[in-house]
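One structure is given below, encoded as C-alpha coordinates.
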Amino acid sequence: MQAQQMISTHPDARARPNDALIRCIEECYSCAQTCTSCADACLAEPKVRDLTQCIRMNLDCADICNITGRIATRRTGSDEEIIRRMLDACGAACRLCGDECQRHASMHEHCRVCADACQRCMRTCEEAGHSMAH
Amino acid sequence: MQAQQMISTHPDARARPNDALIRCIEECYSCAQTCTSCADACLAEPKVRDLTQCIRMNLDCADICNITGRIATRRTGSDEEIIRRMLDACGAACRLCGDECQRHASMHEHCRVCADACQRCMRTCEEAGHSMAH
Amino acid sequence: MQAQQMISTHPDARARPNDALIRCIEECYSCAQTCTSCADACLAEPKVRDLTQCIRMNLDCADICNITGRIATRRTGSDEEIIRRMLDACGAACRLCGDECQRHASMHEHCRVCADACQRCMRTCEEAGHSMAH
Amino acid sequence: MQAQQMISTHPDARARPNDALIRCIEECYSCAQTCTSCADACLAEPKVRDLTQCIRMNLDCADICNITGRIATRRTGSDEEIIRRMLDACGAACRLCGDECQRHASMHEHCRVCADACQRCMRTCEEAGHSMAH
(Lines give C-alpha, C1' and ligand atoms only; values in the text may rest on other atoms or scores of the structure.)
Protein backbone atom coordinates (compact mmCIF):
# COMPACT_ATOMS: atom_id res chain seq x y z
CA MET A 1 0.00 0.00 0.00
CA GLN A 2 1.32 3.44 -0.93
CA ALA A 3 -1.11 5.66 0.92
CA GLN A 4 1.70 7.86 2.26
CA GLN A 5 3.39 8.29 -1.09
CA MET A 6 0.15 9.08 -2.89
CA ILE A 7 -1.31 11.48 -0.40
CA SER A 8 1.98 13.39 -0.14
CA THR A 9 1.42 14.40 -3.78
CA HIS A 10 -1.95 16.05 -3.14
CA PRO A 11 -1.87 19.55 -4.67
CA ASP A 12 -3.23 21.15 -1.51
CA ALA A 13 -0.44 20.81 1.04
CA ARG A 14 -2.81 21.60 3.90
CA ALA A 15 -4.89 18.62 2.83
CA ARG A 16 -2.07 16.21 3.61
CA PRO A 17 -2.96 14.01 6.53
CA ASN A 18 -0.81 13.28 9.53
CA ASP A 19 0.83 9.92 10.10
CA ALA A 20 -2.03 8.67 12.26
CA LEU A 21 -4.52 9.06 9.43
CA ILE A 22 -2.15 7.39 6.96
CA ARG A 23 -1.74 4.38 9.25
CA CYS A 24 -5.49 4.25 9.70
CA ILE A 25 -6.15 4.23 5.94
CA GLU A 26 -3.76 1.31 5.50
CA GLU A 27 -5.25 -0.66 8.38
CA CYS A 28 -8.78 -0.05 7.06
CA TYR A 29 -7.98 -1.54 3.66
CA SER A 30 -6.08 -4.40 5.27
CA CYS A 31 -8.82 -5.15 7.81
CA ALA A 32 -11.45 -5.06 5.04
CA GLN A 33 -9.56 -7.86 3.31
CA THR A 34 -9.08 -9.83 6.53
CA CYS A 35 -12.78 -9.63 7.51
CA THR A 36 -13.85 -10.66 4.01
CA SER A 37 -11.52 -13.64 4.31
CA CYS A 38 -12.72 -14.55 7.81
CA ALA A 39 -16.39 -14.43 6.76
CA ASP A 40 -15.51 -16.75 3.91
CA ALA A 41 -13.49 -19.19 6.02
CA CYS A 42 -16.25 -19.28 8.67
CA LEU A 43 -18.76 -20.08 5.93
CA ALA A 44 -16.71 -23.14 4.97
CA GLU A 45 -16.43 -24.51 8.52
CA PRO A 46 -18.38 -27.73 9.21
CA LYS A 47 -19.96 -25.99 12.22
CA VAL A 48 -20.97 -22.91 10.28
CA ARG A 49 -24.19 -22.69 12.31
CA ASP A 50 -22.12 -21.65 15.34
CA LEU A 51 -20.50 -18.90 13.31
CA THR A 52 -23.40 -17.04 11.70
CA GLN A 53 -23.11 -14.10 14.08
CA CYS A 54 -19.38 -13.95 13.35
CA ILE A 55 -19.99 -14.03 9.59
CA ARG A 56 -22.56 -11.27 9.81
CA MET A 57 -20.22 -9.03 11.80
CA ASN A 58 -17.34 -9.76 9.45
CA LEU A 59 -19.48 -8.73 6.47
CA ASP A 60 -20.55 -5.48 8.14
CA CYS A 61 -17.03 -4.73 9.37
CA ALA A 62 -15.51 -5.37 5.94
CA ASP A 63 -18.00 -2.95 4.35
CA ILE A 64 -17.35 -0.24 6.93
CA CYS A 65 -13.55 -0.59 6.85
CA ASN A 66 -13.69 -0.42 3.07
CA ILE A 67 -15.45 2.89 2.83
CA THR A 68 -13.74 4.39 5.86
CA GLY A 69 -10.48 3.77 4.02
CA ARG A 70 -11.91 5.43 0.89
CA ILE A 71 -13.36 8.42 2.71
CA ALA A 72 -10.23 9.02 4.80
CA THR A 73 -8.18 8.88 1.59
CA ARG A 74 -10.06 11.82 0.08
CA ARG A 75 -8.49 15.17 1.01
CA THR A 76 -10.07 17.56 -1.49
CA GLY A 77 -12.41 20.16 -0.02
CA SER A 78 -13.48 19.24 3.48
CA ASP A 79 -15.74 16.63 4.95
CA GLU A 80 -14.33 16.46 8.45
CA GLU A 81 -17.58 15.69 10.28
CA ILE A 82 -18.10 12.69 8.03
CA ILE A 83 -14.55 11.38 8.40
CA ARG A 84 -14.85 11.71 12.15
CA ARG A 85 -18.17 9.84 12.27
CA MET A 86 -16.84 7.10 10.02
CA LEU A 87 -13.71 6.71 12.16
CA ASP A 88 -16.04 6.33 15.17
CA ALA A 89 -18.31 3.85 13.40
CA CYS A 90 -15.33 1.91 12.06
CA GLY A 91 -13.69 1.76 15.48
CA ALA A 92 -16.95 0.42 16.94
CA ALA A 93 -17.40 -2.14 14.16
CA CYS A 94 -13.83 -3.35 14.66
CA ARG A 95 -14.31 -3.59 18.43
CA LEU A 96 -17.52 -5.63 18.12
CA CYS A 97 -16.26 -7.81 15.29
CA GLY A 98 -12.95 -8.36 17.07
CA ASP A 99 -14.77 -9.40 20.27
CA GLU A 100 -16.89 -11.88 18.36
CA CYS A 101 -13.89 -13.31 16.50
CA GLN A 102 -12.02 -13.58 19.81
CA ARG A 103 -14.73 -15.96 21.06
CA HIS A 104 -13.79 -18.42 18.31
CA ALA A 105 -10.05 -17.74 18.32
CA SER A 106 -9.06 -20.93 20.11
CA MET A 107 -11.03 -23.03 17.64
CA HIS A 108 -10.37 -21.21 14.39
CA GLU A 109 -7.06 -19.69 13.43
CA HIS A 110 -8.80 -17.35 10.92
CA CYS A 111 -10.83 -15.88 13.77
CA ARG A 112 -7.69 -15.41 15.85
CA VAL A 113 -5.87 -13.54 13.08
CA CYS A 114 -8.98 -11.51 12.33
CA ALA A 115 -9.48 -10.56 15.99
CA ASP A 116 -5.94 -9.15 16.01
CA ALA A 117 -6.53 -7.25 12.75
CA CYS A 118 -9.75 -5.73 14.12
CA GLN A 119 -7.96 -4.70 17.34
CA ARG A 120 -5.22 -3.02 15.35
CA CYS A 121 -7.65 -1.25 13.03
CA MET A 122 -9.77 -0.09 15.98
CA ARG A 123 -6.72 1.47 17.61
CA THR A 124 -5.65 3.32 14.46
CA CYS A 125 -9.21 4.63 14.01
CA GLU A 126 -9.14 6.01 17.55
CA GLU A 127 -5.70 7.54 17.07
CA ALA A 128 -6.70 9.08 13.77
CA GLY A 129 -9.81 10.51 15.42
CA HIS A 130 -7.74 12.05 18.22
CA SER A 131 -5.25 13.47 15.75
CA MET A 132 -8.08 15.37 14.08
CA ALA A 133 -9.47 16.69 17.35
CA HIS A 134 -7.88 20.13 17.18
CA MET B 1 -36.51 -2.55 -5.39
CA GLN B 2 -37.97 -5.49 -3.49
CA ALA B 3 -36.53 -4.93 -0.04
CA GLN B 4 -39.89 -5.54 1.64
CA GLN B 5 -40.64 -8.74 -0.26
CA MET B 6 -37.16 -10.16 0.36
CA ILE B 7 -36.83 -9.32 4.00
CA SER B 8 -40.30 -10.70 4.75
CA THR B 9 -38.91 -14.13 3.79
CA HIS B 10 -36.16 -14.07 6.41
CA PRO B 11 -36.32 -17.35 8.37
CA ASP B 12 -36.16 -15.54 11.72
CA ALA B 13 -39.46 -13.69 12.01
CA ARG B 14 -38.13 -11.49 14.81
CA ALA B 15 -35.42 -10.31 12.45
CA ARG B 16 -37.94 -8.72 10.12
CA PRO B 17 -37.60 -4.98 10.13
CA ASN B 18 -40.37 -2.46 10.53
CA ASP B 19 -41.60 -0.32 7.65
CA ALA B 20 -39.31 2.57 8.59
CA LEU B 21 -36.22 0.44 8.11
CA ILE B 22 -37.51 -0.93 4.82
CA ARG B 23 -38.10 2.58 3.48
CA CYS B 24 -34.65 3.58 4.67
CA ILE B 25 -32.97 0.66 2.87
CA GLU B 26 -34.68 1.63 -0.38
CA GLU B 27 -33.79 5.31 -0.03
CA CYS B 28 -30.16 4.43 0.75
CA TYR B 29 -29.74 2.43 -2.45
CA SER B 30 -31.56 5.09 -4.43
CA CYS B 31 -29.58 7.98 -2.93
CA ALA B 32 -26.31 6.09 -3.58
CA GLN B 33 -27.21 6.03 -7.27
CA THR B 34 -28.27 9.69 -7.29
CA CYS B 35 -25.08 10.91 -5.58
CA THR B 36 -22.91 8.85 -7.95
CA SER B 37 -24.77 10.47 -10.83
CA CYS B 38 -24.48 13.98 -9.39
CA ALA B 39 -20.72 13.62 -8.81
CA ASP B 40 -20.41 12.52 -12.42
CA ALA B 41 -22.55 15.34 -13.84
CA CYS B 42 -20.67 17.93 -11.75
CA LEU B 43 -17.40 16.56 -13.13
CA ALA B 44 -18.62 17.25 -16.67
CA GLU B 45 -19.69 20.84 -15.97
CA PRO B 46 -17.56 23.53 -17.63
CA LYS B 47 -17.18 25.19 -14.23
CA VAL B 48 -16.11 22.00 -12.48
CA ARG B 49 -13.67 23.99 -10.32
CA ASP B 50 -16.64 25.52 -8.49
CA LEU B 51 -18.01 22.06 -7.81
CA THR B 52 -15.08 20.13 -6.35
CA GLN B 53 -16.47 20.29 -2.80
CA CYS B 54 -19.82 19.07 -4.13
CA ILE B 55 -18.16 16.18 -5.98
CA ARG B 56 -16.20 15.16 -2.93
CA MET B 57 -19.30 15.10 -0.75
CA ASN B 58 -21.27 13.21 -3.37
CA LEU B 59 -18.55 10.54 -3.51
CA ASP B 60 -18.49 10.17 0.27
CA CYS B 61 -22.29 10.21 0.53
CA ALA B 62 -22.65 7.59 -2.21
CA ASP B 63 -20.22 5.28 -0.40
CA ILE B 64 -21.96 5.70 2.94
CA CYS B 65 -25.49 5.27 1.55
CA ASN B 66 -24.32 2.16 -0.26
CA ILE B 67 -23.08 0.32 2.77
CA THR B 68 -25.77 1.64 5.09
CA GLY B 69 -28.25 0.03 2.70
CA ARG B 70 -26.27 -3.23 2.80
CA ILE B 71 -25.85 -3.28 6.55
CA ALA B 72 -29.49 -2.41 7.26
CA THR B 73 -30.50 -5.21 4.88
CA ARG B 74 -28.74 -7.85 6.98
CA ARG B 75 -31.00 -9.27 9.71
CA THR B 76 -29.14 -12.40 10.77
CA GLY B 77 -27.70 -12.38 14.27
CA SER B 78 -27.56 -8.90 15.68
CA ASP B 79 -25.44 -5.88 15.00
CA GLU B 80 -27.73 -3.17 16.31
CA GLU B 81 -25.06 -0.78 17.57
CA ILE B 82 -23.49 -0.76 14.12
CA ILE B 83 -26.77 -0.24 12.26
CA ARG B 84 -27.59 2.61 14.60
CA ARG B 85 -24.21 4.27 14.08
CA MET B 86 -24.42 3.87 10.33
CA LEU B 87 -27.92 5.35 10.25
CA ASP B 88 -26.51 8.33 12.18
CA ALA B 89 -23.49 8.69 9.90
CA CYS B 90 -25.65 8.28 6.80
CA GLY B 91 -28.15 10.87 8.01
CA ALA B 92 -25.29 13.31 8.63
CA ALA B 93 -23.68 12.62 5.25
CA CYS B 94 -27.03 13.17 3.52
CA ARG B 95 -27.59 16.42 5.43
CA LEU B 96 -24.17 17.83 4.54
CA CYS B 97 -24.23 16.62 0.95
CA GLY B 98 -27.81 17.88 0.50
CA ASP B 99 -26.83 21.31 1.88
CA GLU B 100 -23.90 21.54 -0.52
CA CYS B 101 -26.01 20.42 -3.50
CA GLN B 102 -28.67 22.95 -2.51
CA ARG B 103 -26.10 25.73 -3.01
CA HIS B 104 -25.86 24.80 -6.68
CA ALA B 105 -29.50 23.86 -7.19
CA SER B 106 -30.48 26.99 -9.09
CA MET B 107 -27.61 26.50 -11.53
CA HIS B 108 -27.57 22.75 -11.94
CA GLU B 109 -30.67 20.60 -12.15
CA HIS B 110 -28.66 17.51 -11.10
CA CYS B 111 -27.75 19.24 -7.85
CA ARG B 112 -31.39 20.17 -7.26
CA VAL B 113 -32.61 16.60 -7.74
CA CYS B 114 -29.75 15.29 -5.61
CA ALA B 115 -30.45 17.77 -2.80
CA ASP B 116 -34.02 16.42 -2.66
CA ALA B 117 -32.83 12.81 -2.68
CA CYS B 118 -30.39 13.51 0.17
CA GLN B 119 -33.14 15.25 2.18
CA ARG B 120 -35.43 12.26 1.71
CA CYS B 121 -32.73 9.73 2.60
CA MET B 122 -31.72 11.75 5.68
CA ARG B 123 -35.31 11.71 6.92
CA THR B 124 -35.71 7.95 6.44
CA CYS B 125 -32.40 7.35 8.29
CA GLU B 126 -33.68 9.39 11.22
CA GLU B 127 -37.03 7.62 11.23
CA ALA B 128 -35.38 4.23 11.02
CA GLY B 129 -33.10 5.20 13.91
CA HIS B 130 -36.08 6.23 16.04
CA SER B 131 -37.97 3.08 15.16
CA MET B 132 -35.08 1.05 16.63
CA ALA B 133 -34.92 3.10 19.80
CA HIS B 134 -36.83 0.67 22.01
CA MET C 1 -34.72 5.22 -8.12
CA GLN C 2 -34.32 8.29 -10.28
CA ALA C 3 -31.61 7.15 -12.65
CA GLN C 4 -33.50 8.48 -15.67
CA GLN C 5 -34.20 11.88 -14.17
CA MET C 6 -30.61 12.34 -12.95
CA ILE C 7 -28.81 11.21 -16.05
CA SER C 8 -31.05 13.37 -18.26
CA THR C 9 -29.45 16.38 -16.55
CA HIS C 10 -25.89 15.44 -17.53
CA PRO C 11 -24.26 18.51 -19.12
CA ASP C 12 -23.00 16.51 -22.10
CA ALA C 13 -26.12 15.58 -24.05
CA ARG C 14 -24.25 12.92 -26.02
CA ALA C 15 -23.39 11.25 -22.75
CA ARG C 16 -27.01 10.52 -21.97
CA PRO C 17 -27.66 6.83 -22.07
CA ASN C 18 -30.45 5.07 -23.89
CA ASP C 19 -33.40 3.49 -22.10
CA ALA C 20 -31.77 0.06 -22.04
CA LEU C 21 -28.84 1.36 -20.01
CA ILE C 22 -31.15 3.23 -17.63
CA ARG C 23 -33.18 0.08 -16.98
CA CYS C 24 -29.94 -1.86 -16.45
CA ILE C 25 -28.65 0.65 -13.88
CA GLU C 26 -31.87 0.37 -11.89
CA GLU C 27 -31.90 -3.43 -12.02
CA CYS C 28 -28.24 -3.56 -10.94
CA TYR C 29 -28.92 -1.54 -7.79
CA SER C 30 -32.07 -3.50 -7.10
CA CYS C 31 -30.41 -6.89 -7.66
CA ALA C 32 -27.49 -5.86 -5.42
CA GLN C 33 -29.98 -5.34 -2.60
CA THR C 34 -31.82 -8.58 -3.33
CA CYS C 35 -28.63 -10.70 -3.40
CA THR C 36 -27.40 -9.10 -0.15
CA SER C 37 -30.76 -9.99 1.38
CA CYS C 38 -30.72 -13.56 0.02
CA ALA C 39 -27.19 -14.21 1.33
CA ASP C 40 -28.37 -12.99 4.72
CA ALA C 41 -31.57 -15.06 4.75
CA CYS C 42 -29.65 -18.18 3.63
CA LEU C 43 -27.19 -17.60 6.48
CA ALA C 44 -30.09 -17.73 8.96
CA GLU C 45 -31.56 -20.97 7.62
CA PRO C 46 -31.26 -24.00 9.91
CA LYS C 47 -29.73 -25.93 6.99
CA VAL C 48 -27.20 -23.23 6.18
CA ARG C 49 -24.62 -25.91 5.32
CA ASP C 50 -26.64 -26.76 2.20
CA LEU C 51 -26.59 -23.12 1.19
CA THR C 52 -22.94 -22.11 1.42
CA GLN C 53 -22.46 -22.13 -2.36
CA CYS C 54 -25.60 -20.01 -2.72
CA ILE C 55 -24.36 -17.52 -0.11
CA ARG C 56 -20.99 -17.24 -1.77
CA MET C 57 -22.55 -16.54 -5.17
CA ASN C 58 -24.97 -14.04 -3.67
CA LEU C 59 -22.07 -12.14 -2.09
CA ASP C 60 -20.13 -12.05 -5.36
CA CYS C 61 -23.21 -11.14 -7.39
CA ALA C 62 -24.16 -8.33 -4.98
CA ASP C 63 -20.66 -6.84 -5.26
CA ILE C 64 -20.64 -7.02 -9.05
CA CYS C 65 -24.16 -5.62 -9.47
CA ASN C 66 -23.24 -2.79 -7.12
CA ILE C 67 -20.28 -1.54 -9.08
CA THR C 68 -21.79 -2.27 -12.48
CA GLY C 69 -24.60 0.08 -11.46
CA ARG C 70 -22.05 2.69 -10.38
CA ILE C 71 -19.88 2.39 -13.47
CA ALA C 72 -22.84 2.45 -15.88
CA THR C 73 -24.12 5.55 -14.10
CA ARG C 74 -20.96 7.50 -14.93
CA ARG C 75 -21.21 9.26 -18.30
CA THR C 76 -18.35 11.76 -18.15
CA GLY C 77 -15.49 11.16 -20.56
CA SER C 78 -15.58 7.64 -21.94
CA ASP C 79 -14.88 4.24 -20.54
CA GLU C 80 -16.88 2.12 -22.94
CA GLU C 81 -14.64 -0.96 -22.93
CA ILE C 82 -14.96 -1.13 -19.15
CA ILE C 83 -18.74 -0.67 -19.12
CA ARG C 84 -19.06 -3.38 -21.73
CA ARG C 85 -16.86 -5.82 -19.79
CA MET C 86 -18.72 -5.11 -16.57
CA LEU C 87 -22.09 -5.65 -18.28
CA ASP C 88 -20.75 -9.01 -19.49
CA ALA C 89 -19.38 -9.96 -16.08
CA CYS C 90 -22.55 -8.82 -14.35
CA GLY C 91 -24.76 -10.75 -16.77
CA ALA C 92 -22.68 -13.89 -16.12
CA ALA C 93 -22.75 -13.41 -12.34
CA CYS C 94 -26.54 -12.99 -12.46
CA ARG C 95 -26.93 -16.09 -14.63
CA LEU C 96 -24.82 -18.27 -12.31
CA CYS C 97 -26.28 -16.85 -9.11
CA GLY C 98 -29.81 -17.11 -10.48
CA ASP C 99 -29.22 -20.77 -11.45
CA GLU C 100 -27.95 -21.58 -7.97
CA CYS C 101 -30.86 -19.76 -6.30
CA GLN C 102 -33.28 -21.58 -8.59
CA ARG C 103 -32.06 -24.89 -7.12
CA HIS C 104 -33.38 -23.82 -3.72
CA ALA C 105 -36.43 -21.94 -4.95
CA SER C 106 -38.96 -24.57 -3.95
CA MET C 107 -37.57 -24.69 -0.42
CA HIS C 108 -36.78 -21.05 0.22
CA GLU C 109 -38.95 -18.18 -0.92
CA HIS C 110 -35.97 -15.78 -0.70
CA CYS C 111 -34.10 -17.90 -3.22
CA ARG C 112 -37.13 -17.89 -5.53
CA VAL C 113 -37.46 -14.11 -5.46
CA CYS C 114 -33.70 -13.72 -5.87
CA ALA C 115 -33.59 -16.11 -8.83
CA ASP C 116 -36.18 -13.92 -10.56
CA ALA C 117 -34.26 -10.73 -9.74
CA CYS C 118 -31.04 -12.23 -11.13
CA GLN C 119 -32.85 -13.31 -14.32
CA ARG C 120 -34.22 -9.83 -14.79
CA CYS C 121 -30.90 -8.14 -14.14
CA MET C 122 -29.10 -10.53 -16.49
CA ARG C 123 -31.52 -9.67 -19.27
CA THR C 124 -31.12 -5.91 -18.82
CA CYS C 125 -27.31 -6.31 -18.82
CA GLU C 126 -27.51 -8.13 -22.13
CA GLU C 127 -29.88 -5.57 -23.62
CA ALA C 128 -27.73 -2.70 -22.41
CA GLY C 129 -24.68 -4.40 -23.93
CA HIS C 130 -26.44 -4.80 -27.29
CA SER C 131 -27.65 -1.19 -27.20
CA MET C 132 -24.01 -0.08 -27.00
CA ALA C 133 -22.88 -2.33 -29.84
CA HIS C 134 -23.00 0.34 -32.56
CA MET D 1 -2.05 -6.94 4.35
CA GLN D 2 -2.29 -10.53 5.55
CA ALA D 3 -4.02 -12.17 2.62
CA GLN D 4 -1.59 -15.10 2.65
CA GLN D 5 -1.86 -15.74 6.37
CA MET D 6 -5.67 -15.55 6.35
CA ILE D 7 -6.32 -17.66 3.31
CA SER D 8 -3.91 -20.36 4.51
CA THR D 9 -6.36 -20.96 7.38
CA HIS D 10 -9.31 -21.73 5.10
CA PRO D 11 -10.86 -25.02 6.27
CA ASP D 12 -10.92 -26.44 2.76
CA ALA D 13 -7.27 -27.01 1.85
CA ARG D 14 -8.12 -27.34 -1.83
CA ALA D 15 -9.59 -23.86 -1.71
CA ARG D 16 -6.27 -22.28 -0.87
CA PRO D 17 -5.06 -20.13 -3.69
CA ASN D 18 -1.63 -20.16 -5.28
CA ASP D 19 0.89 -17.38 -4.76
CA ALA D 20 -0.17 -15.60 -7.95
CA LEU D 21 -3.71 -15.14 -6.66
CA ILE D 22 -2.47 -13.96 -3.27
CA ARG D 23 -0.26 -11.33 -4.88
CA CYS D 24 -3.18 -10.27 -7.07
CA ILE D 25 -5.51 -9.84 -4.08
CA GLU D 26 -2.98 -7.61 -2.35
CA GLU D 27 -2.34 -5.51 -5.45
CA CYS D 28 -6.10 -5.12 -6.03
CA TYR D 29 -6.65 -3.66 -2.56
CA SER D 30 -3.57 -1.49 -2.88
CA CYS D 31 -4.48 -0.24 -6.37
CA ALA D 32 -8.03 0.55 -5.20
CA GLN D 33 -6.54 2.88 -2.59
CA THR D 34 -4.11 4.43 -5.06
CA CYS D 35 -6.80 5.12 -7.70
CA THR D 36 -9.12 6.63 -5.06
CA SER D 37 -6.25 8.87 -4.03
CA CYS D 38 -5.35 9.82 -7.61
CA ALA D 39 -8.98 10.72 -8.44
CA ASP D 40 -9.01 12.92 -5.36
CA ALA D 41 -5.67 14.62 -6.09
CA CYS D 42 -6.72 15.24 -9.73
CA LEU D 43 -9.93 16.83 -8.46
CA ALA D 44 -7.88 19.33 -6.44
CA GLU D 45 -5.61 20.33 -9.34
CA PRO D 46 -6.11 23.88 -10.65
CA LYS D 47 -6.44 22.42 -14.16
CA VAL D 48 -9.01 19.83 -13.14
CA ARG D 49 -10.81 20.30 -16.46
CA ASP D 50 -7.89 18.58 -18.22
CA LEU D 51 -8.19 15.65 -15.85
CA THR D 52 -11.87 14.71 -15.94
CA GLN D 53 -11.24 11.63 -18.08
CA CYS D 54 -8.48 10.59 -15.68
CA ILE D 55 -10.77 11.07 -12.66
CA ARG D 56 -13.53 9.06 -14.25
CA MET D 57 -11.20 6.17 -15.03
CA ASN D 58 -9.69 6.28 -11.56
CA LEU D 59 -13.18 6.03 -10.02
CA ASP D 60 -14.12 3.06 -12.22
CA CYS D 61 -10.75 1.36 -11.67
CA ALA D 62 -10.95 1.82 -7.89
CA ASP D 63 -14.41 0.22 -7.82
CA ILE D 64 -13.33 -2.73 -9.97
CA CYS D 65 -10.08 -3.36 -8.06
CA ASN D 66 -12.03 -3.23 -4.82
CA ILE D 67 -14.48 -5.96 -5.67
CA THR D 68 -11.98 -8.05 -7.62
CA GLY D 69 -9.96 -8.17 -4.41
CA ARG D 70 -13.07 -9.19 -2.46
CA ILE D 71 -14.19 -11.83 -4.93
CA ALA D 72 -10.72 -13.35 -5.32
CA THR D 73 -10.49 -13.53 -1.53
CA ARG D 74 -13.53 -15.79 -1.29
CA ARG D 75 -12.61 -19.47 -1.57
CA THR D 76 -15.73 -21.21 -0.31
CA GLY D 77 -17.67 -23.22 -2.85
CA SER D 78 -16.68 -22.29 -6.39
CA ASP D 79 -17.24 -19.29 -8.56
CA GLU D 80 -14.35 -19.71 -10.97
CA GLU D 81 -16.02 -18.27 -14.06
CA ILE D 82 -16.74 -15.09 -12.13
CA ILE D 83 -13.24 -14.76 -10.68
CA ARG D 84 -11.80 -15.26 -14.14
CA ARG D 85 -14.06 -12.62 -15.70
CA MET D 86 -13.31 -10.15 -12.92
CA LEU D 87 -9.57 -10.72 -13.29
CA ASP D 88 -10.00 -9.95 -17.00
CA ALA D 89 -12.11 -6.86 -16.37
CA CYS D 90 -9.75 -5.66 -13.65
CA GLY D 91 -6.69 -6.17 -15.86
CA ALA D 92 -8.38 -4.14 -18.61
CA ALA D 93 -9.45 -1.37 -16.22
CA CYS D 94 -5.89 -1.16 -14.88
CA ARG D 95 -4.45 -1.05 -18.39
CA LEU D 96 -6.77 1.76 -19.53
CA CYS D 97 -6.51 3.73 -16.31
CA GLY D 98 -2.73 3.30 -16.24
CA ASP D 99 -2.47 4.54 -19.84
CA GLU D 100 -4.54 7.61 -19.03
CA CYS D 101 -2.53 8.35 -15.89
CA GLN D 102 0.69 7.92 -17.86
CA ARG D 103 -0.39 10.83 -20.09
CA HIS D 104 -0.27 13.14 -17.07
CA ALA D 105 2.71 11.52 -15.36
CA SER D 106 5.22 14.23 -16.23
CA MET D 107 2.89 16.92 -14.86
CA HIS D 108 1.44 15.21 -11.83
CA GLU D 109 3.39 12.96 -9.50
CA HIS D 110 0.14 11.32 -8.29
CA CYS D 111 -0.60 10.22 -11.84
CA ARG D 112 2.92 8.82 -12.20
CA VAL D 113 2.66 6.76 -9.03
CA CYS D 114 -0.84 5.63 -9.99
CA ALA D 115 0.24 4.60 -13.51
CA ASP D 116 2.86 2.34 -11.93
CA ALA D 117 0.34 0.88 -9.48
CA CYS D 118 -2.10 0.14 -12.31
CA GLN D 119 0.67 -1.53 -14.34
CA ARG D 120 1.59 -3.70 -11.40
CA CYS D 121 -2.00 -4.64 -10.64
CA MET D 122 -2.68 -5.42 -14.30
CA ARG D 123 0.26 -7.80 -14.39
CA THR D 124 -0.81 -9.65 -11.24
CA CYS D 125 -4.36 -10.00 -12.62
CA GLU D 126 -2.96 -11.58 -15.79
CA GLU D 127 -0.68 -13.91 -13.84
CA ALA D 128 -3.49 -14.91 -11.50
CA GLY D 129 -5.69 -15.58 -14.53
CA HIS D 130 -3.02 -17.81 -16.11
CA SER D 131 -2.44 -19.64 -12.84
CA MET D 132 -6.11 -20.65 -12.87
CA ALA D 133 -6.05 -21.78 -16.47
CA HIS D 134 -5.64 -25.48 -15.77
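Letters A, B, C and D name the chains as they come in the text, with residue numbers starting at 1 for each one.
What we mean here is this: contacts are C-beta pairs under 8 Å (C-beta built on N, C-alpha and C of every residue); 3 or more make two chains touch, one makes a residue touch a chain.
None of these values were measured; they are calculated from a predicted model.
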Co-neighbours of chain D and chain C - touch as defined: A, B
Selected pair, greater C-beta contact count between B-C and A-B: B-C
Computed distance of Cα centres, chain C from chain A, in Å: 27
Euclidean distance of C-alpha centroids - chain B vs chain C, Å: 19
Per-residue multi-chain contacts in chain A, two or more chains: 40, 43-44, 46, 52, 55-56, 59, 66, 70, 74, 76
Residue ranges of chain A in contact with chain B within the complex: 52-53, 55-57, 59-60, 63-64, 66-67, 70-71, 74, 76-79, 81-82, 85-86, 88-89, 92-93, 96
Partner chain C, residues of chain B touching it in the complex: 1-3, 5-7, 9-12, 15, 25-26, 29-30, 32-34, 36-38, 40-41, 43-46, 62, 66, 69-70, 73-76, 108-110, 113-114, 117
Chain A contact footprint on chain C (complex, rising order): 40, 43-44, 46, 48-49, 52, 55-56, 59
